[in-house]
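Two complexes come next, and they have one chain in common, chain A, joined by chain B in the first and chain C in the second.
Moving on, here comes the complex of A and B:
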């Protein structure tokens, strides 16, 4: 009797328990992620203002046709491309430099490595406060330093000028993301066995050759994965733009997710806002696949 | 000191300046008196450091209310997300079942959607549930979005606990759930502490959902509160920087405690693929 009960219990533990353990997580994911996405797709075919819930009109593809002819969307698309490519590229360059520095042997290395990731955990709102204040057109320290170095002849209102607003926010975001890149690349470099370096040095290779022929190929997989994570993250996160310029002046720093936010919450057009958010998702998929294709081309050269 | 040694330390110094200078500048700003903030040319150091900005922030603005809200949301988020993620990690790390790979893939995919795509329908959902402008809406959203990464992180820790320990306990009559409680959780506690702090930091910093779900002062969390300061008042940079310092300090301190674990959890996945 007892053993029979045990075997039932064993089966239950093997077949049912693993799913039961996942149930809470999937309940949350279905309710808070899957359902809203379906709802967003549904909304994108409608015209809907949450203050006038009685007017919920099916408009078919109207929102989609409208986006493609919306001059503001074209501006936002262009800005988004500059934003993603610029931010991720410079984060990578800075991160690589940082990783090389942090790889060296020096006193207090563990502590310095820990400090390095601080920007990554700093709330966006604090990062925005920092950079708005440093970039200020009247009292900003960046203007002060650039003027003293003779690089500018007068103070520049970086965030309030059309041709500098987007690059200024990009600098804040690049600064925030460099440490993350550095730590990921550093971890990849640490995984390379020392013997490889020693062997190369015995063969008379210099530091640059060692980097090019040993370090780089071996960290490449991490570079690819980290870059992809950063592309997704950079494309979707608009906190800094929202707080620092809110897309302005004019539409000079407007990116697609922010346009979606404005459409939904300022113009109260939830249908059109959802359409833009969906296109943002599509846009992201395109960017990622372009990036992967580019890589494959690069590989075939070698 | 050799020349190459000197260069090494010089670059380390440059790197640290690059990372830390903005924080130092914000701190200096927060302890300047109001008049000294707006001088031309710029004065780098305050002649009389003062904590007046911090005092005014707490006495004249609803900052403490925001802080209370942030703490409530973060504590409940940590509790829920941790519970959910531990169960899920136990399932992923100790059981073999059909559909394990696609199910874990679903976890990953949730991280890829633009937050704004979810924010619009979630706003409507929260409104229907009548929990807009309450901590519940944020607790629900934050818990959900913290679960995938937390699960990934804890799964990594659980995999490093030898399975022989589970088996030994089972021979002694422990059920699978008993193993989780008596063996796995105690042994994984460093990982679980790291996960706790990760969730706390995520919830404490989160901006977009907090912005869209709370329009009422009484329900705002700190990030949204600070953001509205920028619009509502003539910007008082002494108050704003003081608020920024108070907001950033706890996460930075917590982070320094767990950075080793977090870096490990973060980099493991990307390197082993």
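Moving on, here comes the complex of A and C:
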């Protein structure tokens, strides 16, 4: 009798309990991740204006055909690629340099390490407003400095010219993201045992060779994961662009997520807005998988 | 014993809670949404407190939302069926919301409202979508665009006040000197610049729609008027190079800093401007027309609406009509939100008649023109105008192409 009950309980414990324990997490994932994605895909096949919920028309692939022939989407796509590649590359470069500097022994290092986090912990709205004023075409400090250094002959309206608006916002975002890379890479570098460096120095390696043969390969996994995260964030975040230029002047700094936002919330075309967002997701998956494939070779060294 | 006393306390607490909930049920809760230009201003919370104590059976609960997100949030709330009972509203959005049957016609309520005749009659039109339509928005606070100019600079160069557009352009050219970082006019190509733009368009006699509501935004007159405005930047170069993205903060900042000689805006900036530059240096004129006999400017109204999904429309009307009564309106207009009162009895108070900025603004109310109440205006003011204007200022599209797109958006159902 007792053993029978036990076996029944055992069965339950093995077959049902695990699922029961997973249920809270599963519900959360369904609610927060799966539902919005499915809803967006569903919306992208419809024409929908939230002010008129009664008119919900199935339009098939119309939105997708329209988006691929939309010249504004092509501009936004081009801008997005420049934005992602430029921002992540320079953030990484700055972060790597920062990590190497912060790893050195100098007086007040802990203080400087803390201080260097400031751009990363500043709210993005503040960053945007601050950079708008610094880049201002009439009395911005950046114009003032460049003019006094003799690098420009008159004030330049950085955010109001089509050739400089996107790079100007990129500089603000690069500034914001450098500490993220610096701190992550620094943590990876600190984890490298000192013996390796000692041995290399005894073998007569110079700093550059040490970096290339010890530091770089050992921080590579961190490099891969952090750049991947940053690519995703940079592709999705439109806070700085929204506040600093709102995609302008014209479409010169329009990126895909901002276009999706404009279409959905300003034009009240949620179907078309969802289509743009879905395509952005697809492109992102392609970029990330290409990126991982490229770097997988490097990983196999260790 | 101890347990018994605990039990009694528990029972009493339950009874108190129960009593409160019964009392709470008697009150009608009215949800109201609004934006305030200065959200820290205690004026509005004080008004709500006053209303709630005057009307013990109604409880007004308000939510403050920044203007930049207001339209998005209200649209979504209507779509999701969680809209407030009543809300502060802009004439820009009337077309889209009425088109979706989201607003309650107010005519039957207005019949019994004492203040009806006290409202400047031209201003009731800002709450309608056509001459014969019912009133959907109760006018409350409005602004008309006028022109500030640097009186000291004009005197220095012996220029007459810019009372018409040829004097305006003449002065703008003479006061522009890029080597000194000085420009004639603060053109606003960035966020929110459509109001200033429309003021210059109607001042030249152009219209977006004709008397019968037909869209004529792509008429030759409108295209020419728009060309004139674009030329300020592209041909005459009397606006700062940053004009395509300059929003309110930049335009105001440049005028305050002595970079621009003229700025088109409304009474909302008068205190900031005079504080910085000194009252004697700031002049103000009505929006300069091209033909002095046909003055026109832009008026934009913010009023109050009742959402058609509300279950407490009577109480909601009580609140929004109370806000439009003399004392409350005077309090609102004198606050940091200060805009123009729609009531004649308030506008005639010495406070408004003796202030040149209020006076010029109020005098323009007779002939001011608002955005046409068409569904497309919501999109034009939220996004389309800005990207079109910027491309036109950069020379990527012509005035004709721009006005055609505006006309298409206005014609869209």
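In this text, the second predicted complex is superposed on the first by the 264 of 302 C-alpha atoms of A that agree within 3 Å, B and C clash if a C-alpha of one lies under 4 Å from a C-alpha of the other, contacts with A are read in each partner's own complex, and residues count from 1 in each chain.
As a convention for this text, contacts are C-beta pairs under 8 Å (C-beta built on N, C-alpha and C of every residue); 3 or more make two chains touch, one makes a residue touch a chain.
If you're wondering where the values come from, they're calculated on a predicted model, not measured in any experiment.
**Q** Record, for the superposition on chain A, whether partners chain B and chain C clash or fit.
**A** clash
**Q** When the two structures are overlaid on chain A, which partner does A:287 contact: first (chain B), second (chain C), both, or neither?
**A** neither
**Q** Considering only the touch criterion stated at the top, classify A:171 as touching first (chain B), second (chain C), both, or neither.
**A** The answer is neither, since A:171 touches no partner chain.
**Q** Thinking of the overlay built on chain A, is A:50 touched by chain B (first), by chain C (second), by both, or by neither?
**A** both
**Q** Looking at the overlay, what does A:162 touch: chain B (first), chain C (second), both, or neither?
**A** So A:162 only meets chain C here.
**Q** Counting only touches as set out at the top, which of chain B and chain C does A:114 meet: first, second, both, neither?
**A** In the superposition, A:114 contacts chain B only.
**Q** Output check: A:265 vs chain B and chain C. Expected answer is one of first, second, both, neither. What do you get?
**A** In the superposed model, A:265 contacts both chain B and chain C.
**Q** Between chain B (first) and chain C (second), which, if any, makes contact with A:247: first, second, both or neither?
**A** Second partner only, chain C.
**Q** Quick check on the superposed pair: does A:138 touch chain B, chain C, both, or neither? Answer first, second, both or neither.
**A** After superposing on A, A:138 lies in contact with both chain B and chain C.
**Q** Using the superposition described at the top, determine whether chain B or chain C touches more residues of chain A.
**A** Looking at chain B versus chain C, the one contacting more residues of chain A is B.
**Q** Where does A:67 make contact in the superposed view: on chain B (first), on chain C (second), on both, or on neither?
**A** A:67: touches no partner chain.
**Q** Pick out the stretch of chain C that clashes with chain B after the overlay, from 24-32, 42-50, 60-68 or 114-122.
**A** 60-68
**Q** Would you please give the residues of chain A that touch chain B in one complex and also touch chain C in the other complex?
**A** Shared contact residues on chain A: 50, 138-139, 265.
**Q** Quick check on the complex: what are the chain C residues that touch chain A?
**A** Those residues of chain C that touch chain A are 72, 75-76, 78-80, 96-97, 99-100, 102, 178, 181, 189-191, 240-246, 250, 253-254, 257, 259, 378-379, 382-384, 386-387, 390-391, 393-394, 396.
**Q** Which residues, counting only chain B, touch chain A once they are in their complex?
**A** Answer in residue numbers: 8-9, 11-12, 15-16, 18-20, 22-23, 25-26, 29, 37-42, 83-85, 87-88, 90-92, 95, 97, 100, 103, 106-107, 110-125, 127, 140-141, 143-145, 147, 151, 175-177, 201, 204-205, 207-208, 211-212, 222-223, 226-227, 230, 237, 240-241, 243-244, 247-248, 251-252, 255-256, 259-260, 262-263, 266-267, 270-271, 273.
**Q** Could you please specify the touching residues of chain A with respect to chain C in the complex?
**A** Listed in rising order, the residues are 49-53, 136-139, 154-157, 159-162, 165, 245-251, 262, 265-268.
**Q** Contact residues on chain A for chain B in the complex?
**A** On the chain A side, the touching residues are 9, 13-15, 17-19, 21-22, 24-26, 28-29, 31-33, 35-37, 39-40, 43, 50, 98, 101-102, 104, 106, 112-119, 121-126, 128-134, 138-139, 141, 144, 175, 179, 183-184, 187-188, 191, 221-222, 225-226, 229, 232, 235-239, 242-243, 257, 260-261, 264-265, 270, 273-274, 277-278, 280-281, 284.
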